[in-house]
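Order of writing sets the labels: A, B, C, D, E, F and G. Residues in every chain begin at 1.
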Amino acid sequence: MDIIILILIVFFAGAVLTAFSEKISTLVQDILFLGTLIVPAILFFTGVEMNTDTIISFNKVPLNLGMTPLSYYFALIVMGLAVLTGVYTVGQMKGKKRKGYFYLNYILSIGAMFGILMSKDLVSFFIFWEIMTWASYLIVIYNGKNVQKIGIKYFVMSAIGAYAMLMAIVLTHSLTGSFLISDLISGFGSWDHGMQILIPVLLLVGFGVKAAIMPLHIWAPDAYSNSPMSYTAIFSGALSKMGVYGMVIVFLALLTKVPEGALIRDIVAWMAAITAAISTLYAIKQDDAKRLLAFSSIGQLGYIVIGVAIGTPMAMLAGLFLAFMHGVFKSTLFMVVGAVEKQTGTTDFTEITGLIRKMPWTFLAALISIIALAGIPPLGGFVGKWMLYESLIQSDHFMLVTLVFFSSTAAFLYCYKILFGFFLGQEEKEWSHVKEAPALMVVPMIILSIISVVLGTFPQLIMKPINAAMTFYGMPDTYGVLWKESMLFNKWGSDIALTPIMYGIMAIFIVVAIFLFFRNRSRTRYVTTKDISTSGEIPKEHENLTFTRGFFQPFLRAVEPVMRKQIDKYMLSFAQGIEDLFEFTRRIYNGNGQSYAIYAMIFLIILLVLGKNLFG
Amino acid sequence: MVGSPVLFVAIPLLAAFIIPLTGMMWKNSVRVIPGLVLAFMFFLSISLMGYVNEHGTIVEVLAGWKPPIGINLVFSPFTGFLTTLMTFLGFIVWLYSYKFKRNVDFEPSMKYFMLLMLLVTGSVGIVLTGDIFNMFVFIEIVSISGYGLTSFYTRRDSAEAAFKFLFMGAIASTFLLIAIMIIYSQLGTLNIADIAEKMPMMDHKLKVLSLVFFILAIGVEAEIFPLNGWAPDVYTEAPGPIGAAFAGIVVKAAIYASVRLVYTMYDFSGAFDLFIIIGLITFIMAETTALRQDRLKRMLAYSSIGQMGLVMIAFGIGTKEGVYAALFLMFNHAIIKSLLFFSGSYLVFNKKNKYIKHVNGMGKYLPITSVLFTIGAFAIIGLPPFAGFWSKLAILTAAADNKMVVLIAVILIISILEAVYYLRVVNRIYFYDKKEKTEPKKPSLNALVAMISLGVIVLVIGFYPDLISGILDRAAADLLDKGNYIKDVLTLNK
Amino acid sequence: MEKYLNILNIAIYGSAVLLMLIGLYGALTKKSLIKIVLGLSILDSGVHLLMIAIGYLKDGTAPIFSPGNEDKMNIMVDPIPQALVLTAIVIGFGVTAVALSLVIRLYRHHNTLRIDEIKKLKW
Amino acid sequence: MNYIIYFSLTVMILALILSAIRFYKGPSAGDRTLALDTMTTIGVSGIVLLSYMYNRYIYLDVALVYGVLGFIGVIVIARYLEKAL
Amino acid sequence: MKKVIVLISLGILGFYLIDIFLGIGFGVQHFTAGVKDLYLSNSKDTLKVSNVVTAIVVNFRGFDTLGEVTVLFLASTALGGILYKKRHHVGERSVLFPASRVVMSGAKLLFPSIVLLGAYVFIHGHLSPGGGFQGGTIIATGFLLMLLTYRNYSVSHNRLVYFESLAGILFVSIGLVGYFSKGSFLENVLPVGNMNELFSGGVIGIIYIAVGFKVAAELTGIIYTVLHEKD
Amino acid sequence: MSILEILGGILLVIGSIFLFLGSLGIYRMPDVFNRLQAGTKASTLGAMATILGVGLLAPGWILKIIIIILFIGYSNPISSHALARAMHKRKAFMYFKGEEIDAYKEIEEKDNTEK
Amino acid sequence: MKSDYFKKLSFGTKMSRFFMNWIFLMMVWLGFTNSFAPQELLVGVFLTALISFLGIRLFTCCDLSLLHPVRLFNILKFIVVFLIALIKSNLDVARRVLSPSLPINPGIVKFKTKLTKNFAKMVLANSITLTPGTLTIDIVDDTFYIHWIDTLTTNPEEAFKEIAEQFEEILLKIF
């Protein structure tokens, strides 16, 4: 049996078994769950070969499976994250209700993502895409809060995307007579002009939803923050990358063949940049770690999409690299939040302070991930961002680069907020009982942190697969070339010189951090928040005076005009308007049988009068 | 050949006449016999399907008179497919309602099962008959069974629903008769194949007007907008399984009739466009109305109407792919909508008004039923890998092949609404707290078996659509081959 | 034009169509359920008349080969519409009976016969 | 002989017209029923006469059945008028 | 408003209908190759049935008639279901409004003759303009007369069921006998006899007798149900 | 012309005239009861005579003709009576030349008190 | 009615009624078929026997004793009297209807009858209805209420003499 099918079978059978094993015992269930994630990963890393074709042909529409270099690259992200997050999940979900339901959908979405990546035709792509969607939907509504609003919003946006994609798929089929992606790519150049625009745009809408590009992003903040963090790690780290994956194909393989491609590129890039900027501002505003990270994710995805959309070799490289990095560090951060939530029961910055000594490993993971996120050298985020800036400058997108730089800088603010809100500051009696998260949760975080560090130092580890992916879709082989030609490295001469510098910076940083840590520890004076008095007023009992509240107020006031216009409010009121319209039209069914008969007569008259025209 | 198409009518009628007698001796027989008959019909249709696949269409002559003198029954890949579907569903509906609430009362339960059996028989008759007036008779059999079944619960507002149905049905049958008589006056025959052959001889104006009357008449049963005012009421007030029977059997028969008219009897190409227009309006109106429902069965009813609109659209596309898609949609709709009606009925079982909110939190109390409902909901909105996806893909592909871009867009946009209202229910099932004090009713074993078998079909077809795609292909080809139909009937390929 | 001047044409078809229209008018506008049902059966009668009229043959006789009439085949009116109308009448009767019983039920349930007061099921 | 038949038929039609006027004028339901009943009786006679005219014995059956149904119809209406239904 | 719409619609509809049917014309036959002549000649020569309408109703299009019988059966079944109530008791109303003694006695004498007339009509369905439906209706009106005049006269429900069922079974069975012995449902299996004799037309007479019984039983059942509705 | 035909013709004429007179009575009489009086007698005799006339003209049909005549003679008075009774119970308008003569009233009053 | 229905009938009575009914219906059948063809007779004999048998309790007015020659003679006599009255009555109607002044003096009178059998009362009532100027409105027990187009008297005995005496005499001999 083909290895890809085997993996899929393991996934889907495992999902069902895991769900049903709830009745047997929790331990069995957990083992099954992990096994279902680990076995496919092992199979994948050991057995799947590039460019093999597998056809599941028992369907009228045969499903073609196989791996391309691009999908291999994304599969690395998915499979890796799946295993690590899976371990974390077992820790986090311990003792929770409806584990079977959660595990089932978790595995199904991972399996579906794998399926998406392995799909060589649009139908199987779409099938797995939809399985991924509904499985993640079921997880988004898992905790039962605001189900109708958040869940439906997520699903509707997903459906808009999916159906746009489906429309593109059936149109493609009508044009090429085949569902194969390779036929789409090879036939694309010869289609009529309208279709050459329509189909990529439809596909981009489809992928844009998952990549949370404005204005298709409105589902993301709620969906990310509403799912259990162990899944949000996947959501943000892997699932959103499926959109990126699709976009890469569209931009690389399709839009290069039409003259309007450039315009579409710029539009998408601009939308992504605006997404990045605005969601960064929103992130800053949040007092809840989940929502903060959710907005942060949207912003980061914006960078990635900018890179992919601009589509020069450098930009594409930057986008794909950032995609990997983002998967690593953002998952870690969500895991951190999940760990904090598990141990304290909340994720509100204004309630939690000073966990640094209670949860040191978690803190360490958070610190490293934040450094990576903020794009501070020497970690991976820096490399990616640098390449992005450079590619934008090279391709004369100066306004874009300004915007990206602005939001990147602003990102420092929220990074600080996470670090400070949870871990720094004074320790509260309320949290004195808090302990470090269980090993099952900590270990994956640490492993991911290590990956962050390693990739900052050895980015070429993943540059190679990226290059393979890009050349597969017709880009020139630029492995190592871009690297060497970049301004950053030209300045210092070569990448060999870079490494010691990075290590040096890192070493200094660590030393300072340790120093500060121990110094703070010896000097810490324990007071409660109630001790703070403000301008002589005695605060009342219920007033929360933690200074993490209202962080960055002046800054937020400055950017307020930008943030007041909320797209999702417009969209919601639009949806409400539509529902009101339907509320009105359904009154045609007024309950009076006679009216119905009169409708029938009118219908008859219309047909009689128009009959000759209708039937020719 | 094992059996013959006439048994589809003869055996149920014989049973219907026997049941009152056996009921006097053995009360349970009034429930058992209809079940046996429905099962027999199902197996008969399967065995005939096997025969038809090998030897081609069966044309059964009645009373020894060859067409066009006598009435004939046509069991072809197309009609056979529909017959199989209907009889299967009929049996499942019977199975589901075997332990019916009113079974304590002998008389009502006898009437229920008898009417159900005849509803199926009538629908099968509509599909099999090769005679237009005979089709009228079967339509009336279906209608009257429908009136009786709708008004089954005397405490509900069922009489209101049944009256509306009857009102529309009576007007419809009037115009059906007029249409038939116009055709007869011009062609002197009632045999569909004969009519099809002679149709070019008919005056064009009369041709158009008779088709208009046909459309009005059959449109009522086919639930097209604006003739479907009765339908949501009937679905709401009839016993749950009957909603399934309507959606899965009766409407199918009506759609068959309209398709037979347009594909076989008449020779207008414009009629196909009319199909698309009517189907589209029906689809849009029904799905948007469904979005705003607060009663579960009513929502399912509008959804069902919408699906039928989609079927009409698919038939209107007119190509083989279109017909294939339409048949696939019909199959899926029959199975899935029945599943939804079945499981939905239990989710709101003991509630008076059957509001959607009554399903709140049922996931905990009725886990299997809830899962089945969820599977049904996912399938009907066309999520892969459930069965509904394949039919949706088929219709979209068929539309795309004809460059109907706007049509595709509209279908997909409306599908989003469909997804919304189904998910709202699913969300309520799993994530809301149950507020009502009344104990949810656990489905009886027979109901559970019926529901699960439907659920299994949904999943199996979802993963393995080839199971029926061959049958659908042959059926589509059969429908499109008008000349062959005429030849089969008039030269008696037996 | 000629067809409009033929008196017999107009008398027969006119009265049948008029009957239909009267029935329809009653069914569509009268408020009382009874009158609606009555309207429907008038509509039915109109159609039955139409059907019979279609089968009529000028100077035709009943299609019965009773003694002394065995050779009148070519002047016999068309028996098919008669057979059909027989079926249609019986079916119409069945429907009317069911309709009336529903009216009784509705009256029992709502205590009124006005159709515009019986619309609990709507929207 | 034909003249006699035509005469009879003409007189019957006149009688039918008079009854029809009564049917139209009423004023009570009883008057209308009575008019209808008389019309039935005339109708039965008319059908019998016509069956002789066309020399079709089988039409006598029609007359007989028509008479029976007319009679029962009147009884039904009478019972209805007594409010005994 | 509503009336205006209806009137306009009906006006247009009326125009179209008149136009259609005046075009068709009264007393003219448009088709040349219709089934009419086939029916007439086959009825006369093959079936030896005098009344061609009966030949059509019972034999050529006997399947329709089976459906029609079913419709009536359904109507009475549905009606019973619609008006079903749990308890049946004899009403007091009837006592208040006894029919006139004259009518009672008159009905009593007339009733057997009406039944006989009904039977005559359906037995001679193939010879005269009668038939099962007409005969059945006559018998049912006989019962109507009885039920109206004797309000506490009750028709045995079981007996109705027996008649109804047996007649229906007879009809279908004759059809099935045709199917099994001659290969075609409802095909005639008996000798056709001579034209215009009582015993002619093969199974047609038997079927029409069955239909007559069935219709009579069903209509009586319907009448009975409706009349006793208020009790 | 045979004697039967002559007799039949005469009966036809007489019968149809009586049918006409019956209808005229229905048309002219002032109240429903008097109309019934006129209608019953004249139309019954008229119908019987007409039909018998046909029977004489076509002697082969005589048995069936007799049945029809007997039926009319039997049923018409019954239906008239039933109608008269019903109309009286409904308190239909009753014409009196002078004072009211209505012996049947006592029964109806008794009925009313019983209710 | 009811009492009659539930009364235990002796076998003899049953048979007598049955045969009377059979004969009567057979005559009706002959009328319907208008034929003495053996097939028709055969079917008729069976059919009428069946109907007579089924209606043995209910639908019989009389038994075989009706066929006693004396009674038959009286029946014949009654028919003659009746026909004369009928013709008279029609002439009376004609006179009234045709005269422009419409000479009527209607009213409702009552009288008592000596007849006991319901059927006999019915025949009397019908006869009255068809004879000059009278119309039976109702029979309550043994009292007849008659609408009289030209009320000559309101006295029951006198009214009886005017209206019913000639029929009742014969009817008493028949039943």
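The criterion applied here is as follows: a residue touches a chain if its C-beta (ideal position, glycine included) is under 8 Å from a C-beta of that chain, and two chains touch if they have at least 3 such contacts.
Just so it is clear, the structure is predicted and the values come from calculations on it, not from any experiment.
Asker: Compared with subunit F, which chain's mean CA position is the farthest off?
Answerer: A
Asker: Looking only at C-beta pairs in contact, point me to the busier pair out of F-G and B-E.
Answerer: Taking the two pairs in turn, the one with more contacts turns out to be B-E.
Asker: On a C-alpha centroid basis, what's the spacing between subunit B and subunit D, in Å?
Answerer: 49
Asker: How many angstrom lie between the CA centroids of subunit E and subunit F, rounded to a whole number?
Answerer: From the centre of subunit E to the centre of subunit F is 31 Å.
Asker: Centre to centre, by mean C-alpha position, how many angstrom separate subunit D and subunit F?
Answerer: One centre to the other, that is 11 Å.
Asker: Between subunit D and subunit E, what is the gap in Å from one C-alpha centre to the other?
Answerer: The computed centroid separation for subunit D versus subunit E comes out at 23 Å.
Asker: Going through subunit A residue by residue, note those that touch at least 2 other chains and give them in order.
Answerer: Residues 586, 589, 593-594, 597-598, 601-602, 604, 608 of subunit A each touch two or more of the other chains.
Asker: Could you list which residues of subunit G touch at least two other chains?
Answerer: Within subunit G, the residues that touch at least two other chains are 28, 32-34, 122, 125-126, 136, 138.
Asker: Where does subunit E touch two or more other chains at once, residue-wise?
Answerer: 2, 6, 10, 13, 16-17, 23-24, 29, 35-36, 39, 61, 64, 67-68, 71, 74-75, 78-79, 82, 99-100, 102-103, 106, 109, 117, 124, 127-129
Asker: Quick check on the complex: what are the subunit F residues that touch subunit D?
Answerer: Going through subunit F, the ones touching subunit D are 1, 5, 9, 12-13, 15-17, 19-20, 22-24, 26-27, 32, 35-36, 39, 43-44, 46-47, 50-51, 54, 57-58, 60-61, 64-65, 67-68, 71-72, 75-76, 78-80, 82-83, 85-87, 89-90, 92-93.
Asker: Given the complex with subunit C, which residues does subunit E contribute to the contact?
Answerer: Within the complex, subunit E touches subunit C at residues 2-3, 6-7, 10, 13-14, 17-18, 21-29, 35-37, 39-41, 43-44, 50-53, 55-57, 61, 64-65, 67-68, 71-72, 74-76, 78-79, 82-83, 127-129, 131, 133, 195-196, 215, 222, 225-226, 229.
Asker: Please give the residue numbers of subunit B that touch subunit C in the complex, ascending.
Answerer: 133, 137, 140, 143-144, 147-148, 151, 154, 157, 159-164, 166-167, 169-171, 173-174, 177-178, 180-181, 184-185, 190, 232-233, 236-237, 289, 292-293
Asker: What residues on subunit E touch subunit B, complex-wise?
Answerer: Contact set of subunit E toward subunit B: 16-17, 20, 23-24, 29-36, 38-39, 42, 59-64, 66-68, 70-71, 73-75, 77-82, 84-86, 158, 161-162, 164-169, 171-173, 175-176, 178-179, 182-188.
Asker: What does subunit E use to touch subunit F in their complex?
Answerer: 96, 99-100, 102-103, 106, 109-110
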